[in-house]
Amino acid sequence: MTLREGSFSSVIGSSGCGKSTLLKIMAGLVPPSAGSVMLEGRPVTGPREDIGMMFQQATLFPWRTVIENIVLPIEIRDGKKAAAAAHDKARALLDMAGLKGFESVYPNELSGGMAQRAAICRMLVSEPSVLLLDEPFSALDELTRDFMNMELQRICMERNATAFLVTHSIPEAVILSDVVYCMSPRPGRIAEIVEIDLPRPRTLDMITTPKFGALVDRIRKQLDEGAFL
Amino acid sequence: MTLREGSFSSVIGSSGCGKSTLLKIMAGLVPPSAGSVMLEGRPVTGPREDIGMMFQQATLFPWRTVIENIVLPIEIRDGKKAAAAAHDKARALLDMAGLKGFESVYPNELSGGMAQRAAICRMLVSEPSVLLLDEPFSALDELTRDFMNMELQRICMERNATAFLVTHSIPEAVILSDVVYCMSPRPGRIAEIVEIDLPRPRTLDMITTPKFGALVDRIRKQLDEGAFL
Amino acid sequence: MATIFIVFVGIWYATHISGLVSPIILPSPMDTAEEILFVGNNLLTGGYMLGPLWMTLKEVFYAFILATALGFSLGVLVGETTFGERAVMPYLVAIDTMPKVAFAPLFIAWLGFGIESKVALATFIATFPIIVGTAAGLHAADENARMLFKTMGATRWQTLVKMKLPTGMPHFFTGLKIGSVGVMAGAITGEFLGGGKGFGELIRVASTNLDTARVFALIIYLSLIGLAIFMTVVWAQRRFVFWQKSSVMGDH
Amino acid sequence: MATIFIVFVGIWYATHISGLVSPIILPSPMDTAEEILFVGNNLLTGGYMLGPLWMTLKEVFYAFILATALGFSLGVLVGETTFGERAVMPYLVAIDTMPKVAFAPLFIAWLGFGIESKVALATFIATFPIIVGTAAGLHAADENARMLFKTMGATRWQTLVKMKLPTGMPHFFTGLKIGSVGVMAGAITGEFLGGGKGFGELIRVASTNLDTARVFALIIYLSLIGLAIFMTVVWAQRRFVFWQKSSVMGDH
Amino acid sequence: QEMTRVTYVSPSPSAINSFPIFVGIGEGYFAEEGIEVDPQAVNGSSAILQALASGQAQIGRPGPAPVIQANARGVAVKFLYNSLPRSSFGILVPEAAEFDSPDDLKGTSIGVGTADGAEVGFARAILNSFGMSEPADYEFIPVGDGGTATAGFIREEISAYVGSLADKAILTYRGWPMRDITPEEFQTLFGNGYAATAEYIEANPEIIEGFGRAMVRATLFTRDPANRERVLDHLAAGNPQEGEDREFANALLEAVLEKGVPHDMSKGWGYQDPEHWQAWHDNMVASGELEAPLPDLSVVYTNEFVEKWNTLP
């Protein structure tokens, strides 16, 4: 499995097949039991700081306000001063994520979806060159989700960032990705690799095109084959 | 807002509009700031035990194996003995949720979706007459999700249980519900009540019927109107 | 609280008038109350007890600061490093098990009869709970938070300061609460063992003179101070660990 | 660990030969080692020290059991009820601040010279950390878990037993660790203060006779026992709180 | 024969300081009187009096000052047997120090132990008689036991140490030779002795009789140099650790025996001189330890058993 720089890949597969684990291996958080991960020609042995990762849980820190949580990666990389300077940027990200006005709120006052959005903002704030996303939009309503998807595409294209997304939504995978990896159920293997050759930038109205429908169907069929019951 | 006994209602609305809070108020966990909740003619002042609730987080207890987590409601209601007797039932539920073989595993070895499924099993095991579900299927792949939806319908119809579901998937809301409540964004109000008059039992192939499509469109339009941007 | 107090004094009074216990072991509540007034009066009018009180307060204050600093540092060493956990902790436990009394001569030999040796002993007693609390706190962070910090490329130091320590605050405060109480006991023990012109000495003198009511009165004043220190810690916890429900109230 | 030991003994030896500290205060490492052998030999050959050792072990054992039971019960009272938190806790803090030494005569008056009075004192000293730890643990459960138990119609008792207590286990063990060390110190203090034919008395005799090397040797044996108790608690924690990372290892 | 159990409390675990008890047990003198002694140790005289008052112990060995103090507080405890007629305390200075008399100590700090409040009164009485008063002329520093006292000497924080005869013997034996500069006339400030509550004495005169007789016999036995080995054996049985180093134990015993010789042999062992009691009492009043003089000092001690004790079978 090779991710080209600037490419957008998705992984789709049944629950428990090892997608989160795969992501953790790619981030260098968990040692792989076999095989190796290479990033920009060098093997990944430990975590690297140009990776932005979002876990399935939001993992916000309760003692920091939302905006402080968001600038945390900056604070870690460049110190307090840089973090203070990044407040504007963080506020812009919050606006984008529909969290305007929640800057100084503590995370325990956020709803599930809001926490997830805040976690996305935190990942984006440091402009990482590789994004690893574990079901970032699962707790969002469709509308917000579509909007966030388009934002994500814009951000990745702007920065030529490499993204790797775990999702359960086939349309989401198709609209965002260059390649979709379908995983078979436990033990998870990559069952099929589907190249998505829709033109970039993608727009939401592509969803209604027949080509899009065909791709979705193809992936769904693939997943049905390995169905768990 | 009135829930008929044995009816299935869904709430749909943008993230952060107060759906989880609504559920908590209905369960009697949080006092409402205005209005009151009546259940079977009596006002709900505190939590009641014939309510089965699932939160947005799985909230499994790390010191209990999966099956012990599942029989917990029985243990609480009827004691240890009844809980031991309910192991078979719990195992059947686990099979249904595709968690066969994970009975004696501790929750920290489950994936996100598996934990969610275990939480659903826990809710179902005590056969509550009212089900309050907060995005129970958000971390599941489409296939598992469809399957779980059908199971949920079957269980509710079998027991004539009243169910109230928070979801972000419009098709999910439509296929399961008798009534769909659309909430407007913050501050959350019920913007529209859509009655779903599809015949019961619903099947997955209804999704492709024009009537289904029309309902989905209607709800989507309603939500678009109150869009958050 | 008042009820408990009344019941308590009631039992005390009953024990007293039953004549089962000699007044040199358990004085009557009235005698004790009288002595409390006497001591209070002495303190308020700037009598001879004010100096000792001030001395003990100073000891407690310095020892608490020192114990917090020391306990925190050692707790981080023990909780954060394998070296600390494996190599240092057994020594700390072993040292803490030792009767502190045995160290009094060493402290006096090195630090003299002044306030220093008492501060050292009180610090010694109060440090261990803070070490254990801090170390336990460092283990409290969950897997996801750890991984998140790794992906952010946080240094070990940053992970410690920005994640593990805040997460461990409730544990740290548990240790601090226990230590805050120990520091008072430690100062008095120190004064008992040698030198020191603090409240401990007043208690000693009263005790040798079999003036048990006075002993009780002095001890009650100490308790109030101890309570104040403890409450300060509780207040600090409410203030700094605001995200955790730290009270029973509003719970049911 | 061995390195620390060597460095430690090295400094000790250097202090000794510098002649700065009289051997009455700090014996030489060699003398101490000799005494350690002597005491070990005495114990192994069933000499007169075996009885006292056994006595002290019994005291520690009973006191630990009692302190755990008492500390746990009071901790639940304090952590679970408003009454406990508001009305009982201040008294517990106040009592714990008091110099325990002042209570020794009372314990002897009521419980006699036997093992009971020492057990009482040791229990007294070790209980407070366990109370604080248990109470803190009861506040550790998160909102979701509480709500879940409410919807399940759990009684207060069930919520306590099946959720709050397991959740609070790490805090409880923090208290237990501190208490396990306190119980040893308490037993020895009790023996110092009155009666009891335990190890504390051996230390006291050696100390009055200014046989400091012997004092050190005896204390080292006590420390080893204290360490063993502590390690038992650590082991129990690993065993019972298996879901929490309780060690630094495997962490980085 | 029915044995009566008597719990005896001493202010320290030392068997040598309570030698009549352990020798009496060892030679079976108590058993002959139908008494089974259960020796216990607490920390200091106050704890002894508290143990007596609570009924946990029947006979103890407190200092005279705490006994006066207890009576002043309404606890009727009677001194029965004066075992250290010559002061058990001394103002000790290092052998090499240039102090020879208490008034040389003007302007210095003096360490006092913690075992007994009595030594403070003792030292204060002596220094008062030299016209010195605290804090103008000297300062007391409570230093605890001998170990901390040596620390005080090393740090030059104290110039003298008011300690017991045992302290002197121990310090000397451990390489810190000490000199006693207490003037001879203060030898009347006697040391610890055997006491019981008035109530107990009244209810059990025959036990007091038997107990004292056994002690006198034990004292005589101990004082016979021919018995020294057996005496040391008995003492080692009472406190094995103290008896481990026989030379040391012997030195300590010698010191105790030296201070135990009555001022007037004709009155018998255990006799208490009313004048000496008065001296103690007056000292305590003068120093303020005792708030008011006792109306009748004779309730504090009794010599009524002395004759019977000294009439040996």
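Remarks
Chains: A, B, C, D and E, in written order; residue numbering restarts at 1 for each.
In the analysis below, a residue touches a chain if its C-beta (ideal position, glycine included) is under 8 Å from a C-beta of that chain, and two chains touch if they have at least 3 such contacts.
Quick caveat, the model's predicted, so the values are computed rather than measured.
Touching subunit C and subunit D at once are the following chains: E. Hopping across touching chains, the smallest step count from subunit A to subunit E is 2.
Copies subunit A and subunit B of the same sequence differ by a rotation of 180 degrees once their CA atoms are superposed, given in steps of 5. Counting C-beta pairs in contact, the chain pair with the largest number is C-D.
For subunit B, the chain with the farthest CA centroid is E.
Work out the mean CA point of subunit B and of subunit E, and you get 83 Å between them. Subunit D and subunit E have CA centres that are 36 Å apart. With centres taken as mean Cα positions, subunit D sits 50 Å from subunit B. Distance from the subunit A centre to the subunit D centre is 50 Å, each centre being the mean of its Cα atoms. Multi-chain contact residues, meaning those touching two or more other chains, occur in subunit E at positions 46, 50, 53-54, 147, 151, 154.
Touching of two or more other chains is recorded for residues 21-22, 25, 105, 109, 143, 192, 207, 212, 244 of subunit D.
Residue positions 57, 108 of subunit A are each in touch with at least two other chains. Listed by label, the pairs of touching chains are A-B, A-C, B-D, C-D, C-E, D-E.
Interface of subunit C with subunit A (complex): residues 144-145, 147-154, 158, 162-163, 166-167, 169, 241-244.
Interface residues of subunit A, counted against subunit B in their complex, comprise 12-16, 18-21, 56-57, 98, 110-114, 117, 134-135, 138-145, 147, 168-170, 220, 223-224, 227-229. Partner subunit D is touched in their complex by these residues of subunit C: 1, 3-4, 8, 21-22, 25-26, 79-82, 84-88, 90-91, 93-102, 105-106, 109-110, 128-129, 132-133, 136, 139-140, 143, 146, 156, 170-171, 173-175, 177-178, 181, 184-185, 188-189, 192, 200, 203, 207, 215, 219-220, 222-227, 230, 244-249, 251-252. Interface residues of subunit D, counted against subunit E in their complex, comprise 21-25, 47-49, 104-105, 108-110, 112-113, 192-195, 201-202, 204-210, 212, 214.
Interface residues of subunit E facing subunit D in the complex, by the touch rule stated above, are 7, 9, 12-14, 38, 40-43, 46-47, 50-51, 53-54, 56-57, 145-147, 150-151, 154, 166, 170-171, 174-176, 239-242, 248.
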